Amino acid sequence: MIWAIYFAIASLLAIGIYGVITKKNLMKIFISISIMETGVNLMLIAIGYIPGGTAPIENGDFTTYVDPLPQALVLTAIVIGVSVLALALVMVINYYEKNKTLEYRRLMKW
Amino acid sequence: MVIHPVLLIAIPLLFAFLMPLLKRAKAVTIIILLFNTLLAILMFHNVYNNGPLYEIIAFSPPIGIYLYVDNIAALLAVMINLLAFINFLSVEKVEIKFAMLYLLAVASSTGIVITGDIFNMFVFFEIAAVSSYALVAWKRDKEALEGAIKYMVLGSIASVLMLVGIAFLYSEFRSLNIYDIMNRMDEGSVLILLSFAFLLTGIGVEAEIFPLNGWVPDAYQGAAGSIASLLSFGPSKAGIYAIARLLMIFSWQQSYDLALSVGIMTLLIGELAAFRQENVKRMLAYSSIGQMGLILISLSMLDSTDYAIIAFFFLLVSHAASKGALFLLSERKGFGSNASKYAGIVSVMSLIGMPPMAGFWGKWYIIMGAMQMEAWWIIAAIVFSSVVEAAYFARYLSTTMQEEEHASIIAAYPPAIMATLTLLLGILPFIYKIATIGGVING
Amino acid sequence: MIFMYIIMGILAISIFLGAYRLLKGPSASDRAVALDALTNITTALLVLIAYLSERFIYLDVALVYAILAFVGVIAIARYLEGGL
Amino acid sequence: MIESIIAWVMALLAFIAAVYAVEAKDLLSSAISVGIASLVVSILFLMLHAPDVAITEASIGAGLTMAIFVYSIGRTERWEK
Amino acid sequence: MSSETKSIPYLAVVLLLIWLGFVYQPGISMQSFIQELFVGIIVAVAVTILTHRHFEGLGVAYFHPRRVAYFIAFFFVFLWEMVKANLNMARIVLSPELPIKPGIVKVSTSLKQPAAKLFLGNAITLTPGTLTIDYDDGGAYIHWVEVKDEDMGRAGEIIKGRFERLLRGVFS
Amino acid sequence: MIEDILHYIGMAFVFVGSLFFLLGTIGLIRMPDLYNRMQASTKTTTLGVLSFLVGVGLMELQWMIKLLIIALFVVLTAPVGASALARASYNAGIKLWEKSVVDKYKEREEK
Amino acid sequence: MRRMAGIVLAALLFACIMYAFTFVKTYDYNSSDYYYTDPIEGGKVNETVTGHYIENTKNETGAINAVTAIVVEYRGFDTLGEVTVLFTASTGVSMLLYSLHQRRKRREANLILKEGSKIVLPFILLTGAYIFIHGHLTPGGGFPGGSVIASGFLLMMVAYPKYFLKESRVSITESVAGMIFVLIGMLGLVFASYFLENFLSLGDVGRLFSAGIIPIIYIAIGFKVGAELSGIMNNLKGVEE
């Protein structure tokens, strides 16, 4: 099971970086970044997974729990992701108002 | 007297939250920055006399988070808060949102420097980055937006890569405390190497090192003068300090070599690119990149020579102060009043590395260190870059000296104060003493 | 246990049929319909996972999902008819 | 074992949705695909026994992210050229 | 005091009931249940205060036993219709030649209150084969998979079935 | 004893629910136009969810209350989304299937 | 060219991450390989970080949900930072959209959506309140609860062209909630010894009124997150005068 999730993580990250590099459309770029963020969140959780463990909420008689720390980190990361996404898209709206296009050609220019 | 470094972060956050209710944005911000500066100086005094300071938050580390303040962190905290205070004086029209974002950027840069936990550092990086995005776009014109968007794309990718690095690091050590990780670090497994690579890439975006600094010229060009100044002494300095800590965590020869080669590339490319620029802010931005390369070179010698740490101190402080002054001046066409002229000339001299200034001592000690290591090509690179720097700054001075533009006193004095700081730091043996007595970058 | 495998097989086929409509659907509305169908399947799947893990509290996820899933569809719908 | 079936199905679905989100010419369809990817990931979170994260991802991914995308598409343009 | 202002406390009661459903856990102790009840009352009242203004003009009336009875009847009729229609839909989907005859018909309704219209529309939507698209003053526009009759009255009789009568009982 | 019987009934409900999912998605593939797809998919899968939830509730009786609340939420929200999407698609210009027999909605007076 | 570069880099990243995963060891939080060193005292301690959380969450914080305990107590400082990121983003959004208010003709929704969202709204708010009040007992907490509440207001904004939240109320809510968070942290500094340390009694573990400051902070976070996300949505919709 864990390898399925590893596959999902790696593909989400790879597809995200592919999108960021190849696309010129700003909305697409930020969509790709949000996909990458999803991937990395999944990655942290997968690293905290312990086979046979259950959620670290201790009501009931369980013996093994998964690692709670990455879950707390991912909670943080998800909210950071959504707030950065909102700010980014608002900037895209501003950019569109000024230029009447979503194409952004200067990204690769160093 | 007990000093709580956490107040350096908590107070600005509290007042940033309260700003919409308080309304008097300018006065409140100035008071808080002043308070922070004083607190940081007090903290520095304490650390300088009594050794490193801890502040546990909620639970003792590594179960909880703690702040760890050693000499250099305290000095950086003083520097960031003091320069932020001076810089804020130059802003004439303060809106509430501007003040909020400014406070958050300052507080988070301080946080990056004094935190002792790697994920906490990531969170502060995010605050710094998000507030910088908004501040860069503050003018809302075409240039500002383009710069902000470029910064944002690279910054978001950087945050993802940093998280990947943290994930690998965590999977190896199952702890997030920097000191704990450093203690348990032995020969690098694949995961640790990968995590180093990802973390370096992630932080490198913020610290403006070579292949990742595409955003720098655009963002600095788009931002207003005071904001560009804030970026150059706030988040980016915190970022380079984070890289220093990273190098201390992963202290292998290979990582120092990597830092050295990246540093030299950054230095040369930055200075050469600055030479080609017409736009003043762009030129200053590229020059910043070059200086970051210089700082990185000094970091890469940490393991081999004692001069490195002194050079690091000098370069960091002098570059922050003088670049801050120049960015403030870049808002206007020419220097205008005498105070501005003085500020411009002193800052430029410090950046080039003229003898009495702090910048000179930075370069001097790097060269000393390189001579000790017998790495002549480092010296060659530094000398060459200084020549290039001298060339384009001469051109800069020759154009700006001629043009006169009347500036109000409020706009003229902050850069002059910053320049005076550079001058004083060069003349007084203050930094040298700190660096030789307690200059150990701890994790 | 074999029962759960059958259920899972049926759900997997349904999910892939939904994904096919997502890829194929000529208009964005068709994709939104696919999303709607997939959210329903997801709610069921969340409950199924809670059942398989034998934890009552996992149902909260399904609860939140059940009441919020339609907000996204409605946002798309309002965009399509120009009411946003 | 039964979990690994769900996991592989979900991983494949995440892959499909992500590829489609990046490649589609219609940005609205991209946003829908991102929504599906986040839904899938929320199931995976629950399978990895992280209900807190799953609940957060569900509540943010289901409505808010989609709405942010749709609003900004509404204020810019829908088709990628 | 109109019937609508009277109905507001019932909103709080319904919310409190749902809250109790939320907090019920296997093996919950009496003491925590009392604490939950206490907090539940606060939350239900707060949410009611926050949202009651949306319920004015909606036509949600207070709970009379007769209404509740009608509502339960409506619910079961609805469930039964739903299952029946779903089986019908299964037949359509699975038969190879796809025996459908779709179209949008208009159905008039005598229901006045928005809430009643909403429940009628939702009931129609949830029975597969029919889908409420829009309401206007004259009635509802309904997409129908097998159009049996295009006329407003007879189509309405087939689609609305017993729903309308029961709903009138609930809301009048 | 009685719990065993309920457990088997619950399994039957779960099975029926997943069959409804399958039906819904087959309808999603087979139907010719958007509105018919919606008819087949959203509603059928909604009944699928209900049946599934009740089934799990019967298998694990203590969970029944919360599952019923989830079912209530699904019933409350699903038709709203479907109806809004249908109207929006019509207004956005998505045509009915060409073999449709009647379209009264086209003749309405636009407000 | 660009496409090739993208494919190559993506493949490289994919391979790199998959390769790295082959080295990820299964974690056993009782194993001595992961015993930590104490950064302040120095020297190894005979427990792992995760082991500590799992063993001691109930006694030290009074919360059943270890994730909540970590988010609010053990690593509460991260959470403060995270709330600040959201706050910064919402400030940035309102700043950037300030000049872009536009009047648009928006089509009314149909009756079912209008009345349906009125009916659903209280339930969404109730769910959100349930999620963030029960953060220490069940999954969830301030962030999901806040975003559920924001989704409720979002639903109204989507359904009604003329529905807007009052800017001032949103900003007062976020200011006050943020202030409560920081002040509770400072009270920890005053009444206990550390910032954000618990200074209330832990109560009976497992009850609603337990776990000291955790529910209070989570409620504050819930309000703050809810206000900020709804504020962002409000601004995105475009404020009408």
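Letters A, B, C, D, E, F and G mark the chains as written, and numbering starts fresh at 1 in each.
Everything below uses one rule, namely that a residue touches a chain if its C-beta (ideal position, glycine included) is under 8 Å from a C-beta of that chain, and two chains touch if they have at least 3 such contacts.
For clarity, every value in this text was computed on a predicted model and none was experimentally measured.
Asks: Enumerate, in label order, the chains that touch subunit A and subunit F alike.
Replies: Touches both subunit A and subunit F: C, G.
Asks: Looking only at C-beta pairs in contact, point me to the busier pair out of E-F and A-C.
Replies: Spelling it out, more C-beta pairs touch across E-F than across the other pair.
Asks: Based on the averaged CA atom positions, which chain is farthest from subunit C?
Replies: The most remote chain is B.
Asks: Measuring between Cα centroids, what's the chain most distant from subunit E?
Replies: Chain B.
Asks: Roughly how far is subunit B from subunit F, going centre to centre by Cα mean, in whole Å?
Replies: Distance between chain centres, rounded to whole Å: 57 Å.
Asks: With chain centres taken as the means of their Cα atoms, state the distance from subunit D to subunit E in Å.
Replies: The separation of the two C-alpha centroids amounts to 30 Å.
Asks: In whole angstrom, how far does the Cα centroid of subunit A sit from the Cα centroid of subunit E?
Replies: 38
Asks: For subunit D versus subunit F, what separation do you get between their C-alpha means, in angstrom?
Replies: Subunit D and subunit F have C-alpha centres separated by 21 Å.
Asks: Using the touch definition from the top, which residues of subunit E touch two or more other chains?
Replies: Residues 18, 22, 25-26, 121-122, 125, 132-134 of subunit E touch two or more partner chains.
Asks: Find every residue in subunit D that makes contact with two or more other chains and list them.
Replies: Only 3, 31, 47, 49-52, 54-56, 58-60, 62-64, 67-68, 71-73, 75 qualify.
Asks: Residues of subunit G that touch two or more other chains: which are they?
Replies: Residues 17, 24, 27, 29, 49-50, 53, 65, 67, 75, 78, 81-82, 85, 88-89, 92, 96, 107, 109-110, 112-113, 116-117, 119-120, 123, 127, 131, 138-141, 143-144, 147-148, 151, 154-155, 158, 206, 229, 232, 236-237.
Asks: Can you list the residues on subunit C that touch subunit D in the complex?
Replies: 1, 4-5, 8-9, 11-12, 15-16, 19, 22-23, 28, 31-32, 34-35, 38-39, 42, 45-46, 49-50, 52-53, 55, 57-58, 60-61, 64-65, 68-69, 71-72, 75-76, 79, 84
Asks: Could you please specify the touching residues of subunit F with respect to subunit G in the complex?
Replies: Counting only subunit F, the residues touching subunit G are 73, 76-77, 79-80, 83-84, 87, 91.
Asks: Write out the stretch or stretches of subunit A touching subunit G in their complex.
Replies: 3, 6-7, 9-11, 13-15, 17-19, 21-22, 43, 47-48, 50-51, 55-59, 65, 67-69, 71-73, 75-76, 78-80, 82-84, 86-87, 89-91, 93-94, 97, 108
Asks: Along subunit B, where are the residues that touch subunit A in the complex?
Replies: Answer in residue numbers: 119, 123, 126, 130, 133-134, 137, 140-142, 145-146, 148-150, 152-153, 156-157, 159-160, 163-164, 166-167, 170-171, 174, 176, 214, 218.
Asks: Considering the complex alone, what residue numbers of subunit A touch subunit B?
Replies: Of all residues in subunit A, those touching subunit B are 13, 16-17, 20, 26, 29-30, 33, 36-37, 39-40, 43-44, 47, 67, 69-70, 73, 76-77, 80, 83-84, 87-88, 91-92, 94-95, 98-99, 104, 106-110.
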